[in-house]
Each structure stands twice: as C-alpha cells, then as structure tokens.
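The following block contains the structure, expressed as structure tokens.
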Amino acid sequence: MATSKPVFLVIGAGAGIGGHAAQRFAAGGYHAVLARRSDEEGLQRLVDAISDAGGEASGRLLDASLPDTIEELVEDVERSIGPVEVALFNLGAQIGNRSLADTTDRMFELGWRLATYAPFRLARALMPRMAERGQGTLIVTSATAAVRGNAGQHSHAAAMGGRRMLCQTLNAEFAPQGVHVAHVVIDGPVDAPDTLGKMLGEKFDAFKAHKGQDGLLDPAAVADTYWHLAHQPRSAWTHELDMRPWTDVPWWNDN
Amino acid sequence: MATSKPVFLVIGAGAGIGGHAAQRFAAGGYHAVLARRSDEEGLQRLVDAISDAGGEASGRLLDASLPDTIEELVEDVERSIGPVEVALFNLGAQIGNRSLADTTDRMFELGWRLATYAPFRLARALMPRMAERGQGTLIVTSATAAVRGNAGQHSHAAAMGGRRMLCQTLNAEFAPQGVHVAHVVIDGPVDAPDTLGKMLGEKFDAFKAHKGQDGLLDPAAVADTYWHLAHQPRSAWTHELDMRPWTDVPWWNDN
Amino acid sequence: MATSKPVFLVIGAGAGIGGHAAQRFAAGGYHAVLARRSDEEGLQRLVDAISDAGGEASGRLLDASLPDTIEELVEDVERSIGPVEVALFNLGAQIGNRSLADTTDRMFELGWRLATYAPFRLARALMPRMAERGQGTLIVTSATAAVRGNAGQHSHAAAMGGRRMLCQTLNAEFAPQGVHVAHVVIDGPVDAPDTLGKMLGEKFDAFKAHKGQDGLLDPAAVADTYWHLAHQPRSAWTHELDMRPWTDVPWWNDN
Amino acid sequence: MATSKPVFLVIGAGAGIGGHAAQRFAAGGYHAVLARRSDEEGLQRLVDAISDAGGEASGRLLDASLPDTIEELVEDVERSIGPVEVALFNLGAQIGNRSLADTTDRMFELGWRLATYAPFRLARALMPRMAERGQGTLIVTSATAAVRGNAGQHSHAAAMGGRRMLCQTLNAEFAPQGVHVAHVVIDGPVDAPDTLGKMLGEKFDAFKAHKGQDGLLDPAAVADTYWHLAHQPRSAWTHELDMRPWTDVPWWNDN
C-alpha cells in the first residue's frame, strides 16, 4: 500500500533491535517496512502490533544472502509504498567462537555475504536515490567485532571489520550529498529473544539473571537512540557511537 | 536558591554549546547552573533568557585554572541549589596552531590545566557524590585533537588526548556504580560567537558563508544530542560519539 | 627441490615489497618461494636474481582468487621444499576510486576474495602447521584502507578492514601457540613498478619526481622491517605498525 | 668528553629498556648518554658495563620533574659530547591503581609532569636542533594506558594519552624536516628489576614464574627494535608500533 508517511525500512526485523526500531519509527509517524528471512508468523505479529498501536507497517520476507533480493526489496518498497527516508541494516553474522581449523570456507563466506556484502547491496540500491532526493539516513547496527578481533571470531570479525570500513566510505561519498550514515557499535548483549535468546536457548534466563538489573541492552532503548540519530539536523551528525549496559566492561578495558 | 528540580551544571557556559545545553536542560525541567570565567553581563543575559522562557537558572563566575574553584563550585551548588544530576564539562583549550619552538611552558601547562586537570577536578569533586546516589551523568565536550595530533597542536592535542583517556578511566570506575560518562568528539567548527567567533573576529561571517548552509555545528543541535545522552537508560549507554556538519570531512579522511 | 634452509613463502611477489622481501630473506639464509599470478618470465627473473646473488629461491604461479590454489601451494611447498618458517601475504586489492554506483558486485566480491578471503585461506592452510611446530611468522602487508575508509574505496576499504580484523583474530588464537602475526599498515606510495607503476603508467616518473627524494616507500626498506619483525624474539612481538615516507602525511592528519 | 661518534641520549636509564637501549646503541657505534633521577652507583655500573664491552658512555643524574633540568642536559650533551642523533624518552609515570577519590592533585600533576610535560620539554630542547641538521630520531617508550584508560589509571592514562597525541603533533611538524618520531606502545610487563621489580618487590620472581618462559618483555629485545626504528631509512618510517610477549593478550582483546 502506498503511504503519505516517510518510510522506515529495516532489514533484520526480529524481536530485538530491528523490531523495536520499527515500532519506534512507526510511533513517530513513519510507515515501517519490516524485512526478515523467515518466520512469516512472527513477522506478521510485529506488523500487527504496530497496527494495533495505531501505526503503519508492512512485512517482507527476504533472504539477504541471495542475489537480487535486497535490490528488489528496495525497488518494490520505493515504488509501492514510498521513498525510504530512513533505512536500518540490522543483520548480524555471529556464529559463536570457532577455531581457525573449524571455520569452513562456507562459514567465512557467509559471514561476509551477510555482514559486509548485504549492507553494500542495500547502500548501492538505496543511497543514490537518497542522494538524488538530497536527504535520507542509513543506520547500520554493528558489533564489537567491527573494532577488534577476538579469538575464534575469524568469520565474524573479518565481516564486521569490513562493514565498518564500508560505512566510512559510504559516509565519505554520501554525507556531502545530504545523506546521513551512522555506524553503531553494539558492545554488549542485547535482550533479544530471536538472536541471543536462540543462541543461548534455555540458558538465556540464567544469563539474564547473572547480568543483573538492566544488564542487557534494552532494544527499545537502542531504538530510541536510532530515532535520535535519524533526526539529528545535518549540521550536527554523528557517524559512530558505542552502546553497552552500565554493568558491562567496554571492549577496550580488561574484564 | 534551592530547587526541587534536578540540577544541570555546565562549566564553560558561553553562547555556544554550553549556553545552548543550559537552555535545553532548563527547558526539559532541570535547574541549570551556568559557570564561566568572565563576562558577568553575558552570563546574566543567558540566565535571564532561560528565566524569561519559563526555566530555572543560576550563574556562577569561576576561573577553572585556579585551585579550589571547581571544588567549591560543586560544594556550593550541591548545598545551596541541589544535587547535580547532569554535569557538562565544556571548556576547551584551543590556542591556534603554533610551532613547537613557539609553544611556551606556560601555554603547554595552561592547556593541561584547563583541558585535562580541570575535568579531573570536576570529576573528583562530583562523581563520588553521584556514585553514592547511584545515578548521574558527566558529559565532556571534546575535540578532534583528542583522537589525533595535527601539526601545531602540541599543547591542545596533548591536553585533549589526556582528557579522552581520563574519560575512559572515569567510565571504568563509575559506570558500574550507575554514573554515565560520555566523551563527545566535536569534529567540526561550531557556530559559536564566544569562541570560534572571537578567534576569527571579523572573518567569522566570511567563514560561515564559505562553509555554506548548515556548514557549522549548530550548538542547539549538539545540546539536543547531549540531552539524549543524559537520558539514555542505563541498559544502553553511549560512551563516545563524534559530531560534525554534513559538509565536513571526518578527521580520518583526506581533505 | 628440498632445502635444509628455513622457508620463506611470499604470495604476491612482484618487483615491489614482495620481491624485495624474497631477496632479503634469501640473503639472510632462507629458501624463498615466490608466488604470483602471472608473468612467468618476470617471476623467473626474480628467482634468477636471488640465485645469482648466492641465495636459494623457487617460483610458483597461482591465482589466489581460485579455489584450492593457496591450499595446494602450501601443501606442495611444505612437502617438496620444506616447512614454511615465515609467510608473507602481500596481495592487495586496490582498484582506484569508484563511486558506489560504479562499484559492481564483481568488483566488490573480488576485493574481498583477494584481500580478505585469500589471507584467511593461507592462514588456515599454514598456521595449524606452524602451531604444531610451536613457531612461525605470518606477515600481512596491509594498507591505509584497513584503518579508515575514504571516498571511492568501497571495495578496497571493506576488504582491507576485514583483513585487519582477521589478523587480530589470528593473533589471538595463534600467538599463545608460538606463532607471530604482524599486520603492517603501508600508509604511503611504494616505489613498485609492478603495482603503482602499472597503475600510473607513464605518469609514474612525474609522480616520483613530484614526491621528491625518498618520497616513496623503498620496498627494500620495507623488506628490512619485515625481516626485523620475523626475528623479534617471542618475548617482544609487534602485532601492528605503520610505514610511510618522511614527506607523507599520516592518514590521521590533514593534508 | 667530546666524541666523534653519533650520540644516543636516553632519559630514564635504569636496568630495563633504557639501560639495554644504551648498551645496544653503544654496541652499534654510538656514544650513549644515560640519564636517570637517582642511584649514582647503579648509573655508573651501567656506564662501566658499556665501557668494559668496548663502548662509549656517559652518565648524568637529573630530576625531569624540575624546571630547566632537561633543557640543560640537552644543552650540555650537545656542547660537551656531540650532537644527539637519537634520543629515547623512557620515563613512565605508573603509580599503580587508585580510585578517583584516592588520586590526589599531586599525583595527577606529577603524572603529567613526568609523562607528558617532560617529553614535550625534551622535544622542544632537541628537535629544532635536529631539524636544523635535517636528521635525527626521537623514540618515546609508551604504554597501554596511552591507547585506553582502565579503572584506577586516572593519572597514568591521562598522562600517557597526552603523550601519544603529543608524539603525533611532533611527527606532523618534524617528519617533513627529516626527523623521525616513533611512539612505542609497550603492552605487557617488562623484565625490568628497577621498575616492575621494585613495584612487585619479593613477588617479582613468583610473577615471572607465573608468566612462563619468555612471558615478560625482554628489554634487550625491545632495544633491538628501537635500534631498528632508529635506522629505518626516511623513505620508510614507522611512527607507532606495539610490543608484548607472545603469551600476553593484546589490550584490545578480552583476558
């Protein structure tokens, strides 16, 4: 459905940062387009929750690792819903720690395909359109692995390090054309049942209890910061910032 | 006068970021305490403007380079006005470019005294109080010189580099006690008549025209980001971020 | 031919850093194995020059972008020549500046394939062998694009940023097993006819003249530093360092 | 005594990095001038050891925290011994971990005075002379605290962060004049009886045993890297590098 509202597009819209960002932007007057790989039911629940709260939202399934999917999504959204004012790339590529010997070609390539190549594809499909309109925002959820490589993170860190440098090249080309690029280093665990929750399984509750009160990043709070970033006037843009819970040690400190 | 509002204290309250931050926090329900070195009249104008807009504000003159001044200010504000909820250290130490041979002992020491030692003193006077209360925020306005040293910036970069590392040590000690520390890298010229304006003199207007529309950091926009930082819930704190106008090249890029 | 000498293996052995490193290690008592993609004649000239100087060298042609090539090279060298004591990954992926719209999928993927995936493959083929032997060194020639993304460098910076984070993960896993990993940020033009020379063509001489005396990185000097790195005792290892000509502005400074 | 050899001057010449660097440069044909704050006997032993090994050395006592001492040392050495070709600033300011409340004004200022202001003074006294001669090297031993601030390091990190930015400003001004500046991040414990040994006292041996074989930075190995840095041709200079034992986790990794 076409909308008269500005469009917010999120790739990687689960029950964590992506879903909460969609809610936040919908509450703020955007039409939120939520895209994710699978779980059509879960996606519909998110869309419905936004509608029930009086907001506008649409859902799309897409596999960002396949050719043309991202490009077609952007084309489709821009044509059938409206020009994307704010896009959030919110896919990660964390596969847990693996020794080098246990990191297969397929894992290493998939990390790149999802975490470096996919945001490149989103940017190439979308940012020239934003530049032509002289405005727009691309927010990229990133991770500690974008700024330092820990043991066992061969695939993840290589992919995220590439993502960070990509964001700097995008910013260098598009900021002077009026398009804001923000790279957000999520430097702590997120209270997200679809990602961390699935990774930890039944240990998730114990992990949360161990972390204590407010010891995991509340995805709604992250979404609020994304909203703030997307609405900084162009005279005062932030390109990079970090986020972590108060109880967590920043990546540069000893544990 | 004692207040029932939370207190916002800014050291370095001119017509730029400091003054606008005071206005922003006063508008948001804080009692703003504005401290600066000189120009009692200018200070009173800022305080009056806040009052006229329906806010609460007080002014203080202090020379942050002298012993005991910052400590007494904190003591006085906490006793006579109320507990400081958010503090902004907003003094710089830019003296323009000077060759090493032309950088005197006095300049080098003054840079340290204002830009490194003064925020240390503010932190030591204030943060144990905040830690005891289990909450509070310290925002430190910083500069590109905190992350890279350019030619001629011997005093400024040494002082700002020290400031940045100090903020990381403060964060490491106080974040786990519930106190938020944010280090903001202002990576572009601010539209501030009291600092950049005075430095450039009658060339300021030509400089602004050359920079083009929205080509200088609007201090009101910076103040909005400070407001956002101070109100991030403790599950999702940002320690460092950069800010610059859309037309400005980030410090890590070629001009 | 089998050798009684320790083996130095370089992937990316042209007339620049790679070839000079081979000469340096051969002069220091290593058997140098030079691998490059094409120009069998040029390769033979490098091998002959080393032999003529009294050193030992072998040449191999390989296309690092193809499956199994690097893995087979390592297997072949270790079996037929001897255990690799020091390896140098010296392939770049610079394609000049291109706008995002002009950066094709093929370019972006090739950048990754040569600059991120190829060193991962070398590491996975070689480093477990080194770890088993409890010693060895991997030096990776890197570039400014590994630490900041400039306009037009979408492919190159994403690939090099991934390379840098990969090197940190390799170091984290293998340093405690006695294998040294060094990531060298080449932050200036190299006096290399095979790469920069070919890129600039007939403008190369004018470029060199413009840069002035010692204004390009002498690849023999870089090779001396690689030699030093490879022979630091394990109590005092360097993981990262930068190199540039005296006349060049570091990447973090304004031009 | 005047010398025909090039002069190597080290400030902070104990039995660790400073003393070993003096030995290394003396063995390489320099006249080594060793300066330290106290222990005239220990200083004389170092000078004698160099002489006994066939090298040239002189000793000087100086308190780098006092006015004019560094300036007079440079003046005296240049006049009575010879032009300083390589200088090493090797004083630290580590005082162990202290909470903010326990960090006195005196400690914070002394940290700056020794770790930031003293190298500035050495640079200002020496580098214009080097620039006039069109050559020379300044090596600065630095620490992890220069790149990240850990809890309890308020004084040390602020001082070292300032030192690092100072080195970048020195490099920006003096590299184009032919003077090499190198900032070395010592990111691990040094096997140095005069500093770490004194700090740990009788626990030093147990600490070394716990660290295992080659588990502390061998100061002689660090000295070899300093020698290498000082002799890089100007076409291929390194400004910053890190050093740590193979068993130590780099500062950017989790412990």
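Going in written order, the chains are labelled A, B, C and D, and every chain counts its residues from 1.
What we mean here is this: a residue touches a chain if its C-beta (ideal position, glycine included) is under 8 Å from a C-beta of that chain, and two chains touch if they have at least 3 such contacts.
Not measured: the values here are computed from a predicted model.
Enquirer: Is it true that over half of the residue numbers where chain A touches chain C are used by both copies, so same, or is it different?
Expert: Shared-number fraction above one half, so same.
Enquirer: Looking at chain pairs A-D and B-D, which one is connected by more C-beta pairs in contact?
Expert: By number of C-beta pairs in contact, B-D is the larger.
Enquirer: Between A-D, A-B or C-D, which shows the same interface as B-C, counting it as a repeat when over half of the contact pairs match?
Expert: That would be A-D, since it shares over half of the contact pairs of B-C.
Enquirer: Average the CA atoms of each chain to get its centre, and name the chain whose centre is farthest from that of chain D.
Expert: A
Enquirer: Cα centroid separation between chain B and chain D, in whole Å?
Expert: Centres of chain B and chain D (C-alpha means) sit 34 Å apart.
Enquirer: Calculate how many whole Å lie between the centre of chain A and the centre of chain D, each centre taken as the average of the chain's C-alpha atoms.
Expert: Distance between chain centres: 45 Å.
Enquirer: Which residues of chain D are in contact with two or more other chains?
Expert: 148, 150-151, 168, 171-172, 252-253, in rising order.
Enquirer: What does chain A use to touch chain B in their complex?
Expert: 168, 171-172, 175-176, 178, 180, 191, 214-218, 221-222, 224-225, 228, 232-247, 249-250, 252-253
Enquirer: Within their complex, state which residues of chain C touch chain A.
Expert: Going by the criterion above, the answer is residues 99-101, 103, 105, 108-109, 112, 116-117, 120-121, 123-124, 127-128, 145-146, 148-154, 157-174.
Enquirer: Inside the complex, what are the residues of chain C that reach chain B?
Expert: On the chain C side, the touching residues are 147-148, 150-151, 251-255.
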